[in-house]
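Written out below as structure tokens is the structure these notes cover.
Chain nomenclature is as follows: A, B, C and D, assigned in order of appearance, with residue numbering initiated at 1 for each chain independently.
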């Protein structure tokens, strides 16, 4: 059983201030509390897409960490922004799709606090030796 | 001729602190000075992938803004992290691949200060009405 | 209620010889019987990746046709080949993720006859006017 | 120097009937002559997207074969269909972006006989051991 990693060991994750919701074999759920610095534009209440992309990358990575026990460099990632993510916390669920000898694959969804799906991601990560 | 947009109108872009290098029809080049908050892990000198992804999204968007004159919501984006991006500034060049009535396509590359290619991106953006 | 489209109106779909399994609002399931022409290499029993990619594109498209009632040009598509697809029929399930005014998003999975997941796809398609 | 591979060892490549134009270190250029079976729909003169996706996958793979000397399984691929590809031959150029110990990256463009860019691709391939 892999121990739940400490999110605060990463300077960028401390800036984002992501929190654990669940960490189970093949699944990682994270909560991102809102910060003013996440906004796309002054006077807008939409998140910048880059914040959502980072959250997706992180949730996919930890979903795989739960199975391989170690950090995995992201090789490539696709993000689809489906709807505007507005001021308020976001929830990201990463799920392991494949754990291979060379690479792993994860699928990620991001919802707002009303449960609306705002973005999805799919990525390839390098399996640690 | 589209005016070079002000990067500081966006709270997240102010956090990233991206700067203009070039803004020409079909091309946007941005410089990202290094910040400690961009690091992947304490004691590492690698950027967090989420920062590079945000830079790619922004450079692709502005490459298209140079042709359509208005902000374009990103529909989807692929990022390939090719090599570790280490402590130091990054340069991102976004290039317009297609400007369509419904969607646009941009291609982006990110280099470190030695000129080494560290990441590439390709994205679909919604053409403003 | 959208009528189940005739797969045989397309020369390439006739070559592939895809068959309907299910056509429901937001879901399209297709069966691809095996053909020798689908093999990757003489003496191998693996499908060529390009056949699997085409099946994914088609299943995603019809999942959205079930909701918008008309063919949608694919804008972009990501395919992840997770495991070798071997000689034998393949089953593809496309699911609608989002139907928007400008673009739609679909998610697709491909399984072999033992139910093993061999590939996944995610694509952006243009909503017909 | 890697020998130019024989395209006819693959049943699916024989169906597509792809031909060599160039095979150089880091670059593979292929020509796809038109066939009626490639059409998207009866009465249309557009290629089916799945044919273009296969051509992209093949050109990216051979661009990397030119450097690693052996076939590379495709891990994942993004395809952007930019404009309709109409009846007539297609030219695909694959270029190596990165050759790594674990994975390689290739970039691909497809043009019609007038030189118009009709699609682009970017993929991750597994480096042979």
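A few remarks follow.
Definition applied: a contact is a pair of C-beta atoms (placed from the backbone, for glycine too) under 8 Å apart; a residue touches a chain by one contact, two chains touch by 3 or more.
Keep in mind it's a predicted model, so treat the numbers as computed, not measured.
Both chain B and chain D are touched by A, C.
The chain with its Cα centroid farthest from the Cα centroid of chain D is A. Chain geometry summary: the mean Cα position of chain B and that of chain C are 33 Å apart. Chain A and chain C have Cα centroids lying 28 Å from one another.
Mean C-alpha position of chain A lies 20 Å from that of chain B. Residue positions of chain C touching 2 or more other chains, listed in rising order: 75-76, 78, 80, 105, 124. Every residue of chain D that touches chain B in the complex is listed here, in rising order: 78, 80, 82-83, 97-98, 100, 105, 107, 117, 120, 122, 124.
Within the complex formed with chain B, the residues of chain A that make contact are 9-16, 36-42, 48-51, 53-55, 57-58, 71, 73-81. Residues of chain C that touch chain B in their complex: 75-76, 78, 102-103, 105, 124, 126.
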